[in-house]
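Just below sit the structures, each encoded as structure tokens.
Here chain A shows up in two complexes: once beside chain B, once beside chain C.
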Partner chain A sequence: MSDSDSDDWSEEWIPYSQRAEWADVVPLAQDDGERPIVAIAYSPKFREVFDYFRAIIAHKEKSPRALELTADALQLNPANYTVWQYRRDILRALGSDLYEELDYLEEVIRDNAKNYQVWHHRRVIVEMLNNPSKELELTEVALERDNKNYHAWQHRQWAIKAFDLYENELTFVDRLIAEDIRNNSAWNQRFFVLKHFGLTPEVVQREIQYTMNRIRVVKNNESAWNYLGGILRHGDHGTVNRNVEVISFCEELYASGVRSPYLLAFLIDLYKEQCLQQTNEADAEVLSKKVYNLCSDMSKNHDVVRRKYWQYVADQLKLKLSEK
Partner chain B sequence: MDFTTFAKPSTVDTNNDKSNSDLHFWKHVEYIENHGKDQDDFEYCMTEFLRMSGIYWGVTALDIMNQLDRLDRKSIIDFIRRCQCPVTGGFAPCEGHDPHMLYTLSAIQILCIYDALNEIDCEAVVRYVSGLQQFDGSFFGDKWGEVDTRFSFCAVAILTLLGRMEGTINVERAVKFVMSCCNQTDGGFGSKPGAESHAGLIYCCVGFLSLTQSLHLLDIDKLGWWLCERQLTSGGLNGRPEKLPDVCYSWWVLSSLTIMGRLHWISADKLKEFILSCQDNETGGFADRTGNLPDIFHTLFGIGALSLLGFEGLKPINPTLCMPQYVIDRLGIKPQILPKP
Partner chain C sequence: MSHDAVNIEGIKREPVLMHKHAKFCIRFLNLLPARLASHDSTRGAIAFFAVCGLDVLKSLSLLSNQMQKDVIEWIYGGLVTSLEDGQQSCCGFQGSRCVNIISNDEQLQANAKCYQWGHLAMTYTGIGLLATLGDDLSRLDRKSIVDGVAAVQRPDGSFSASIDGSENDMRFVFCAAAICHMLDYWGNVDKEKMYQFIISCIRYDNGFSQYLEGEAHGGTSFCALAALELSGQLHRLDEDTKENIKRWLIFRQVNGFQGRPNKMVDTCYSFWIGAALRILGAFELTDYEENRAYLMETQDNIVGGFSKWPQSTTDPFHTYLGLCGLSFMNEPGLAEVKPSLNMSMRAYNHLKHLHAQWQAESTDDKFATKETPASKLNSDDKSTSDTSPLIKAQ
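For the complex of A and B:
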């Protein structure tokens, strides 16, 4: 943390106490009660900037120089939400050019992409401008650096929802999934977009194909399997066992020797549902055997860590069958 | 986080680590107690905006370790009193900052641990929290209007601790909003409707449902399976698929599973091993993962997770409120916890 003060007092930075235009302000030191008066080795710049910041807050000063001061303070500590709030107050009071603020934020976000405050500030400014034209690009750049950045995804979803920017989102998601097939955030975004357009039977069918194709590439992909389950349950009233194509897809994978825990978990769900729907006792028996065998295979071989979960799944089915 | 001003002169022999061969108990106590003492105050300034939470992390961890008397109750309570905003009733992280739901919860949690709610204006806190509820049932974090399921949790946690859930907020709408953040694909929760499932936010939502006695709304098996899937071969838990394991996520997943009565679905031994591997055996404290620098945040969640796993020498912790269980009992609060099936 302390390496950020290495360039303190560099040539280009003049202390506020030495600036003529700040001569009228008396810096306000923090009153921390019993704060130890130890040698301040950490950062004279830090202390000075925040002492001046406290002074302008105390005087409720909203001026161009106060705006500049907040930028200095935020450079030192972008997580300080009180400074961000005061900055917004100043921007409003001055009627500042908010497009300049967007440019400024682009830079700040580049360096602080995992900071709640910067993204919130961005959102407030976009709302004030009522113009989201730069948001998709901004978040795209952030996601290029970290394709699971939660803040960037949240901001993107907000902009898409608030300004109806769904149109090309599926193309974007496609690209991200192509780049990293296990990117759970991208799969989540896919669901987010399709839910908006409506998961009609045609869309469900198309998505099933899409997902099966992706699973063919990487079999042990948690995100894709969860997505497949979500899509199927959405189309089939909460069950996963009615799509013949999916069933044969899974059974073929299993027959070809794939033992991904996600495949096995999916088969267990599928057979369990079929078993409970089955009216013919002998068929139900066959299906329940399949479930028990898969559960036992999971707990003994493929997912030993979670063996208690698999025992529970088997026990639950036994219990339900006995109640039938 | 700086506890220098709150620490009392040390009285306990700190060379007593033999009884806890795997947990460096006294080193952690020392770490929390002395945090900030040996440092210049750069970090003290950098973390000013969350100091209230920092104190909560330290106070709770020390209480779980039965060492709360090492901190000076009076100076901490005085600090908290100074942080209550006279206008809104909410708490700032530290003097000179704006109040926020997050720090209001931390302040109330500390006061409950010290049995000192009478020291502040509780009615003002209730007004602050209920004033942040929106028409759709969600909560703002402060007057600036950010909505997040974290704030739904904070709101009901504060009101529960104050014994003021009844008639202060619209619980039905609050529940509806949280459930609208549940994802059909994996049964988890995100920060807002449509946002990706995330273990920290799942903890907030499961905790919220526990406090509003609404756990029946969860798809326990589906969410439980997704949460167990967070356990990696290292034994540690991650917060989302394909992310690295982390001590704080270990707490969030573990506490959610505990609330759901499914703690036994993961391997406790492997998790214990992972958490202990994140201790700094020189300075004390826990890091996010093995080999990284410790901090007070991960120290609480390391200690808290070990307590949930029944580690010897630690007081039981309440999974919903992340506070010592005896405090919750003293307040007569019963967050919903599902039985083991």
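For the complex of A and C:
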């Protein structure tokens, strides 16, 4: 739980009750029931701002001063979706300059980058303007601060999809993966972009090279292994065992002594698939032995936290083979 | 708590400080300091974590009868019921009371009411909390609440939190399914579209994403699987798909659990991932000792509560989910938790008892459509017409 700041009466702060331009408004107290629970000891400023907010909403006032009041209320509680909603209704009623709203939001997002309501408001305003020209930069700045910020990625994907902004996205993703090869969000974005352009056999082949090159740099990177598996399964009807190059890549890594759990998990999947497809019983047995040995090695040495799982994987294969 | 001190191998284990956690939960039901004012819109959820936390701690009796009554009355005080001028249903429980005014002026009250909307997360936690406290839900009009749920279903099958001004994603799919399951009534909710949305969010790495093509996420994967179970559609996933999802979930264990690949471990994922694996019947494949050891590192030994990381600030959310995570591993002294509803099995059994009562009483016309197949209930005009504020908002 984050604390809200600037709750105190600062020197510049003039209470609404002392503002001449608000003299006509009678503030309205919150009805929180007779015996409220999880009651908040609102600061005098918080209480007053929301008392005036209640008054303007109860009088359906949509004015420039009401708009300013919502900004005060949102500074005190940026998660209040009702205030955001009323702010939008005021903006619509006044026909306000929505580019000013974008500037305002840029600041709010900078301070509240993980707040659902702020990002939603941003999206509605961009839709109203029908102009996404600032969204890639906005999300880029947010991702510079936290390269896995789910809200920023979601907004970015939405803008790209809604306004067809795919053109330079692969370059952006390349840069993010270069900066942090373990950034799973960036790998996901890569899949998102390439799926849009079409995962043709050529693209799949290129992506396999790209991913293998990055696995060579960091072998123990789940994001890259998941991407490799995803790309292969997409191209090969849900299997990972048809690409000769990937198979030899993995087997060479293994032969060279690499024991990353992700490599071993990949080999387990690969041999399991081959084993279940194999019609020759002797060959199937060789493959099943490989699976059992790898599972055992995982359980005992390389992935001990998942020892019960790898035992289960081996047991599942035994069961399937016995049913064959 | 001598049973906590030693495990079967005789190794000393850090004890779960039951009494301190109970006191921690109670504290949040009372007065919160001004610095927590940014949680004003989610007070109902805080109440849910605190009360359900006490329930899982088997300590509800620490709440006086008066306090339990106060909680129930306050929750009902946030119920939006009316449906005027043929408007779309806004029924359900409100998040905050920030636009509930003290005034005798009817016009002012009516104007304020225009912004009093039910919120799916608050409706879910509100009903869950009432059930936990043994309320019989007789003050709820189940049909109007489920109308409120159906009104926020989007054309793609997902749900928004409220009638306007809300994003739509897997979190609210879960809330919708939990509400309908708890009320044993699905009304005009389109289960088929909901299912299609959920499976369309299975990502290339076999986790579920919050929205189409987003990054797979642990909390989202829980929401997706729980919604499938609660809507009776888990069996529609084929075996290979289930095994692949299990793999993604199992791989989230580091010592505790992380929410996404290459992210930090966090207490709450012992619940989200743990519950998701429970739903798939694969939780026993995880390493209990490692999981428990991590959770215990995030326990505040002085004032109680759990935090997301060791040496961080505790809060009701991580406290409740940490306790549930421990319950999944059969921690002595903790109540059993129903994974898909994120509440105690005791509270769930109370709901089942109410369902049986309602079914026996159900001669009311408004529930006549109850057994109608979902496909027949799908009228596209219910939430997707051109005049829908949902469309305008998006």
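Keep in mind that, in the parts below, the second predicted complex is superposed on the first by the 309 of 324 C-alpha atoms of A that agree within 3 Å, B and C clash if a C-alpha of one lies under 4 Å from a C-alpha of the other, contacts with A are read in each partner's own complex, and residues count from 1 in each chain.
Everything that follows uses one rule, which is that a residue touches a chain if its C-beta (ideal position, glycine included) is under 8 Å from a C-beta of that chain, and two chains touch if they have at least 3 such contacts.
What you see is a predicted model, and the numbers here were worked out from it, not measured in a lab.
For the composite obtained by overlaying on chain A, chain B and chain C cannot both be accommodated without a clash. In the overlay built on the shared chain, the residue A:29 is in contact with chain C alone; chain B does not reach it. Using the contact criterion defined above for the overlaid structures, shared-chain residue A:198 touches neither chain B nor chain C, since it reaches no partner. In the superposition on chain A, contact of A:257 is made with neither chain B nor chain C.
Of the two partner chains, chain C is the only one that A:78 touches; chain B does not reach it.
Legend: residue contacts after superposition of the two complexes on their common chain; A:50 is shown touching both chain B and chain C.
When the shared chain is aligned, chain B and chain C each come close enough to touch A:305.
When the shared chain is aligned, no partner comes close enough to touch A:95: not chain B, not chain C. When chain B and chain C are set side by side, the one touching more residues of chain A is C. Legend: residue contacts after superposition of the two complexes on their common chain; A:60 is shown touching chain C, with no touch to chain B. In the superposition on chain A, the residues of chain A contacting both chain B and chain C are 1-2, 30-36, 38-43, 46, 50, 54, 57, 77, 79-82, 85, 88, 116, 120, 124, 148, 150, 153-154, 157, 161, 182-185, 188, 191-192, 195, 222-223, 226-227, 229-230, 233-234, 265, 305-306, 308-309, 312, 316. On chain A, the positions that touch chain B within their shared complex are 1-2, 5, 30-36, 38-43, 46-47, 50, 54, 57, 77, 79-82, 85, 88, 116, 120, 124, 148, 150, 153-154, 157-158, 161, 182-185, 187-189, 191-192, 195, 222-223, 226-227, 229-230, 233-234, 265, 305-306, 308-309, 312-313, 316. Taken together, the chain C residues at the contact with chain A in this complex read 28-44, 46-47, 50, 67, 70-71, 73-74, 77, 95-103, 105, 108-109, 111-112, 115, 117, 119, 161-162, 164-167, 203-205, 209-211, 213-217, 240, 243, 247, 250-251, 253-255, 260-263, 282, 284-287, 290, 313, 315-317, 393-394.
The residues of chain A lying in touch with chain C in their complex are 1-4, 7, 28-43, 46, 50, 53-54, 57-60, 76-86, 88, 116, 119-120, 123-124, 127, 148, 150, 153-154, 157, 161, 182-185, 188, 191-192, 195, 221-223, 226-227, 229-231, 233-234, 238, 265, 304-309, 312, 316. Chain B contributes residues 4-5, 40-43, 45-46, 48-50, 75, 78-79, 95-98, 100, 144-146, 183-186, 190-192, 194-198, 221, 224-226, 228-229, 231, 240-243, 262, 264-267, 270, 341 to its touches with chain A in the complex.
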